[in-house]
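Dropping the structure in here first, questions after.
Note that the chains take the letters A, B, C, D, E and F in the order they are written out, and that residue 1 is the start of every chain.
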């Protein structure tokens, strides 16, 4: 605990995921006073054709 | 807001996702009185071997 | 299948949920050619203090 | 109802998913007194580079 | 890992949740060959007015 | 985009949520090069009787 899910369009680099995992874990451990080992992060990456904003698929807007 | 997730078996066409994104956004904006720009839709598509109903994998039932 | 989750701030009326459930189910059954009985919808309602946009809690922006 | 999501690293076999779907459905039907047909299970499988524990990507720890 | 979410209507007893948590953890540890300590289960309980099947709110069907 | 969900036991203070929303948004905008306005965060707070680790409800372990 806690379990964090980051849902986003495909295409971020491994380095971006590495950096964000580190920074979010640091923010959670500092703010909630928990150990890093209890923080789990999932990156959910979807194709832009599987995401819509304002009724339009991202792949087409 | 709101954020809508549609979880389903793989295999729908791009056209089906296009139409459904449009229709759901229209229903939400009309019913909740919000702007289309604030409505986000995610299509989560899973393999039929990753979905089970009545204890059986869909790919095997 | 499919399973649809609508995540939103608390405060919508029962009538709004009733209407939206009906309209989204109609859109899904028509677009995907499935029976209404297989469409499940969850309304996930969160306090505005539990939602943030642009780094600010909705209850404070 | 209920809808069960199992989020895990990629790599489990079809047989493991088959067995777990069967066992979880049996546990739910017995404990909640519902029919197997109403139990839906989703296996969400993510790459180890898309999962982090203690601030480190699983693919690198 | 894995993280399991059980989404269901409100109303199950503490004892039902206790038994199901134990049985699902046992099934996962046996099938995936992991330690119980790595298995996290979330029970997401929603009001029947916040769940719809076949276009109807459960509280009204 | 992205949409971030933080699932955790109930009991964190408003101030903790305020700080974490700010810090996570800052980390995401810096790392992904997106505007703060496109970052949505949901805090999903569950009772300790609705969370289990190693087969035991948190409220009883």
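Here, contacts are C-beta pairs under 8 Å (C-beta built on N, C-alpha and C of every residue); 3 or more make two chains touch, one makes a residue touch a chain.
None of these values were measured; they are calculated from a predicted model.
Here the chain-to-chain distance from chain B to chain F, counted in touching steps, is 1. Among the remaining chains, those touching chain A as well as chain F are B, E. In a homomeric contact, the two copies may use the same or different surfaces; for chain A and chain D, under half of the interface residue numbers are shared, pointing to different surfaces.
In this assembly, the C-alpha centroid of chain C lies 20 Å from the C-alpha centroid of chain F. The geometric centre of chain B is 11 Å away from that of chain C, both derived from CA atoms. Here the CA centre of chain C is 24 Å from the CA centre of chain D.
Under the contact definition stated at the top, the residues of chain D that touch 2 or more other chains are 1, 3, 7, 40, 42, 51, 53. Chain-to-chain contact here is organised irregularly, matching neither a line nor a ring nor a star, and falling short of all pairs touching. Of all possible chain pairings, those that touch are A-B, A-D, A-E, A-F, B-C, B-D, B-F, C-D, C-E, C-F, D-E, E-F. Residues 1-9, 12, 16, 19-20, 23-24, 27-28, 31-32, 51, 53, 58 of chain B are the ones that touch chain C when the two sit in their complex. Every residue of chain B that touches chain F in the complex is listed here, in rising order: 1, 3, 40, 42. Chain C meets chain F in the complex at residues 7, 46, 49-57, 60. Note for the complex: chain D touches chain B at residues 14, 17-18, 21-22, 25-26, 35-37, 39-45.
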